[in-house]
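Structures follow.
Two complexes come next, and they have one chain in common, subunit A, joined by subunit B in the first and subunit C in the second.
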Partner chain A sequence: MSRVRYVAFRSVQTVVLLFLILTFLFFFFRMLPGSYADLMAFQGANEATVEAMQEKWGLNDPLYVQYFRYVTNLLTGDAGSSLQFRIPVWDFVKMKIFNSLLLVGPAITVGYIFGTLIGGFLGNRRGSKEEKYGLIPLILTGSFPSFVTAIMFIIVFAGWLNLVPTSGMFGFSNPYNSSEFAWWRPYLTKDFAIHYALPFLTIVARYTYLPALVMRTNVVEVLGQDFFYYHRMTGLPGEQQLKRLMNHAILPVVTLYPISMTRAIGGLVVIEMVFNWPGIGYALVQAVFARDFPVVQFVFFLVATFVVVGNFAVDILYGYIDPRVSVDNN
Partner chain B sequence: MVKNNLSLMDNRFANNYVVRNVVGSLRLMLEDKATMVYFSYLVFVLFLGAFGPMLAPYPYDETLYVNGEILRSAPPSLAHPLGTNNIGQDIFSRLLYGARPTMITGLLGGSMIISIGMTVGVTAGYVGGRVDNTLMRITDVVYGVPLIPFAIVLVSLFGIGFVQSIVVIGLLLWRGNARVLRSQVLQIRERPFILASKAAGASRTRIVFKHVLPNIAPMAVLFFSLGIGFSILIQATLAFLGVTSPFIPSWGVMVRSAYNSGLMSQAWWWSLPPGLMIAFTVLATFMFGRSYENIAGQGNEEAFVQAG
Partner chain C sequence: MTTPLLEAENLTVQYETANGMLTAVSDASFTINTSEYFGLVGESGCGKSTITKAALGGLDDNGRITAGKIRYKGEEIQDYTEKEFNEKLRWKEISWIPQGSMNSLDPLQRISEQAAMIARVHTDLSKDEAVERLREMFDIVGLPKERVTDYPHQFSGGMQQRAVIALALFLRPSLLIADEPTTALDVIMQDQVFKYLNEIKQDGEIGMLLITHDISLVFESCDRMSVMHAGQISETGTVETIYEEPHHPYTILLKEAFPDLRYPDRELGIIEGNPPQNMGEVDYCTFVDRCPWAVPECQEQAPSLEPVGGDEDHPVSCFRREEVLEEYRAENETVAQTGGDQ
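Up next, the complex of A and B:
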């Protein structure tokens, strides 16, 4: 199979998979007991109102009609409306997704860069004291539940040292946090930076461990391989050796990166809750509790898309960064 | 003394390879001093789980009064080694009581994870073919779901409660075990002794139970240990998010009530100890798993990557 055909094949596969996930999510959430209408009735809405709402939202139509309507609407970019807030789902989630990505993206990237460097360094010194004890602080921060790390940071940096605020994204004093200014303006302030510091650190602390661990093992493995012995024998300069070493050892770390990214998005709920960060994770939990299925369904679909497309991208990229991998035996 | 006991067990189960392999690798692991520390800590928490409520100086839900007033958010003192919370309950006692739900979570969740994971992994790996394909695609799907949000959805499906939150964890976290154990079984089934036993006319069931299981048993113990850690971790997270019964005083629930009271950063004696107990318990199970790698020299990174 040529590479072009492989990419085409995988693209089709990805699209089909996404469609299956969408279908699964749609029917899964319809199967769950409890609906928004039940919740309204529970909160004291009378039966006629609930019935009228059900009719208006088209929830009384047969399931396949609803499904067909949902899919066709989604294809035109309309994900429906949030039942809680009566605004289009996309308007409801877009800034929240942005806030979450703003937190996760840089934090995971920094964690991976640090982790890779530390792991490479430790692996290079196999058998030394640093190698033996160097991973321990990382294991500590990596296996602490993120809310415990977060609480510790809050107690130390916000409580005792009083350096940063305990929660939120902007302070009340942020002069740009109003509709007079462009949406991005309040993000470019010191106020935002100090609110950003603790959640950022929490995620970095959590996600440095895995790349460091994997990188250390890889480096040790590559150092033992024949081709590397050859490079050492020929007297290749140190930096050149390091470059060849890294080229090989970094590959598994690259595959892990999107996995960590998606896992962090799932686990972000807790960090967002502790720090009161207006992100998508916490909004998702609230939506689940409120049985706001259009929002829940859309966010789950987005996350699944992220996972699937991330895997797809890694599979495709892998052929470029590691020429040994060929698509032929696939 | 310990050695004697173990060798006694060896004799009694002389024909049981599963027990022999597990006991053998445990004994090897405990020769390492650091591993002994993690192991002792886990035994200590188990001990707390069993006897903690008897050791507690106060009932966990008793509101304490001093001179007719509720003792709210008192800092640590001799009478209350870890102070009190905002409704006047002794935190040290609550901490001791909290060990039991946490250990139940770990053991129940861990056993669910390993039993589902091992069944799927061994079946997929040994039977192969279409069965393997189907089971692994299911595993892929379970991998694709974001863990915490989906756990919350499932808990709201089953109804919010303590046992429900554990069952949901078991239903989601087996995925990593299944993948790694499958790849182990794929290697084991190509070994000569399997072929020999096939040639001797052994049935599939006999081969699986007599030859495959004993060979993955040490790894299963590692996964059980990791599973305990992950169950405690995820259950505490769910408790912190409020998706478990608030009336069972687990450590996660304690952290949540500290968070909800708004006193999290002032009353550190309230929010930190349960958080640290969770963290150290999880850490001990993880480190215990790591020391397995040191003797077996395999599986570790993959296990850690896949287990979450």
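Up next, the complex of A and C:
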């Protein structure tokens, strides 16, 4: 199969898969007990008001009519409105997704870079004391639940040392946090940076362990391979050998990275809650409690899209970095 | 006398194991002359591969040359650092065909890329020149020239083996160490590979150390040979001498264990027992437990390689080197006679 045909085939597959996910999500959330209307009635809204609202929003129509309407609207770029906040879903989630991406994306990336370097270093010194004990601190930080690490960081850095604020994304005194300035202006302040530090570190601590462990194992494995001994015997100097070693050992880490990165778009609920970070993970939990289906559905769909497209991208990318899985010539 | 290409002198290699020092090679001596094909045969685990690794500076982490010398073109190399091996010997002077050729090529590199990388490290050849040389070698080993840019997984096992041979030769080394180069191949491929190796030999310039457990392969393709058993070299000589006049008990029995085309009905001999694990210093003949001609002396002292029948070019490490062959022949005549009566 040629590369073009493969990409075309996989694209069609991806679209079909996403449509199935969308359908599943739509019906799945409607099977949840309770609805937004029930919640309003429970909170004391009078029956006529609730009924009028149901009618106005089309929630009294048969499910397949709602479904058809939802899908066609989504195709035109309209994901509906948030039931809680009465604003378009996209307007509600876009800044929250941005905040999550801004925090989780770089943090996981840095964790992976650290982890890969540390794991590569330890594996390369197989049999030494460093290799034996070097992973212990990583295993500790990596296996602590995130909220424990987060709270410890808060106690030490925000409490005892009083270097950074305990939570939030901006302080009250951030002068750029008003509608007079462009939306991105507050992010370029020292105020943002100090709020960013702790959640960032927490995620780095959490996501260094996995790549480090995988990388160490890979390096040890590659070192034992015949082709690596052959490289050595052909007289490659140390730095060249190291390059070949890393080229091989990093392959499984490349597969893991996008999987971890899907966390970025879905948000890391626990960390966002502990640090009161206005990200999508936190917003999603609130939306589920409020039975705010348009928001929940859209965010889940976005996460699913990210995972599916991400895997697709990795498959294509892998063909370039590992000729053995290339779709050409086979 | 000219300087030999490769020379091992009383070489002892030991591996550090949980049970103490394991002696893989003890007191081994042999010389390979310029553009000579030299065979080293012996049973599994007798130290053949350890000798190649020692000559290339590639012993495992727990292995060490504890005594003796290895000289390449007269220069002692046993104490070379990794850097010296890289800069002075590997691939430029001594190249290597590994035992497991199937897994020796880097799966992420095109073969031409790997060749260009090796050439860049050792020579001033440009990438194109290096690949062109590899193309020539591909032609010689019988691979399609245009496939130098293939990845190893696109080759069959036999093709990979030939690619590895091409890689071993493309920088025109003076010594080729071939460690079981054809074990993984069927007999037809084996024959072809040796056809190529013999062709290269015609051009002179290259010597080969052929490591194998297939004694007939050595008889066919080498000039001189050594026979090894359990870390000791039993006998060295021209292939004709070893074939016609083996004087060491192990060589005699080994030859007996191989089928002979001229006597297809002959019953093959068996060397009874297992090779020993030699721990620590070896001050006995390692064949003693399996040797039908052993005398008490064999237990007390390790025999050294001494000329047999006054022939300096045919050293044998056996205390009874002058008698064994005659005794063996006398015995076998009786066997042949009684066998004839049945």
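Simple rule for what comes next: the second predicted complex is superposed on the first by the 322 of 330 C-alpha atoms of A that agree within 3 Å, B and C clash if a C-alpha of one lies under 4 Å from a C-alpha of the other, contacts with A are read in each partner's own complex, and residues count from 1 in each chain.
Basically, a residue touches a chain if its C-beta (ideal position, glycine included) is under 8 Å from a C-beta of that chain, and two chains touch if they have at least 3 such contacts.
For clarity, every value in this text was computed on a predicted model and none was experimentally measured.
In this superposed model built on subunit A, subunit B and subunit C occupy separate space and fit side by side. In the superposition on chain A, contact is made by A:Phe227 with subunit C only, not with subunit B. Looking at the superposition, the partner that touches the larger set of subunit A residues, subunit B or subunit C, turns out to be B. In the superposed model, A:Asp322 makes contact with subunit C only, not with subunit B. When the two complexes are overlaid on their common chain A, residue A:Val65 makes contact with neither subunit B nor subunit C.
Looking at the shared chain after the overlay, A:Ile151 reaches subunit B, while subunit C stays out of its contact range.
Once the two complexes are overlaid on the shared chain, A:Asn247 sits against subunit C while remaining clear of subunit B. In the superposed model, A:Pro237 makes contact with subunit C only, not with subunit B. Superposition on the common chain A brings subunit B within a closest Cα-Cα distance of 18 Å of subunit C.
The touching residues of subunit B, when paired with subunit A in their complex, are 141, 144-150, 152-153, 156-157, 229, 233, 236-237, 240-241, 255, 259, 264-266, 268, 271-272, 275-276, 278-279, 282-283, 286-287, 290, 301, 304-305, 308.
Taken together, the subunit A residues at the contact with subunit C in this complex read 127, 225-227, 229-238, 240, 244, 247-248, 321-324, 329. Residue ranges of subunit A in contact with subunit B, taken from their complex: 21, 24, 32-34, 139-140, 143-148, 151-152, 154-155, 158-159, 166, 210, 213-214, 217, 256, 259, 262-263, 265-267, 269-270, 273-274, 281, 284-285, 288-289, 296, 299-300, 303-304, 307-308. Residues 56, 58, 61, 82-83, 85-87, 89-92, 95-96, 98, 100, 103-108, 110, 117-118, 121-122, 151, 153-154, 167 of subunit C touch subunit A in their complex.
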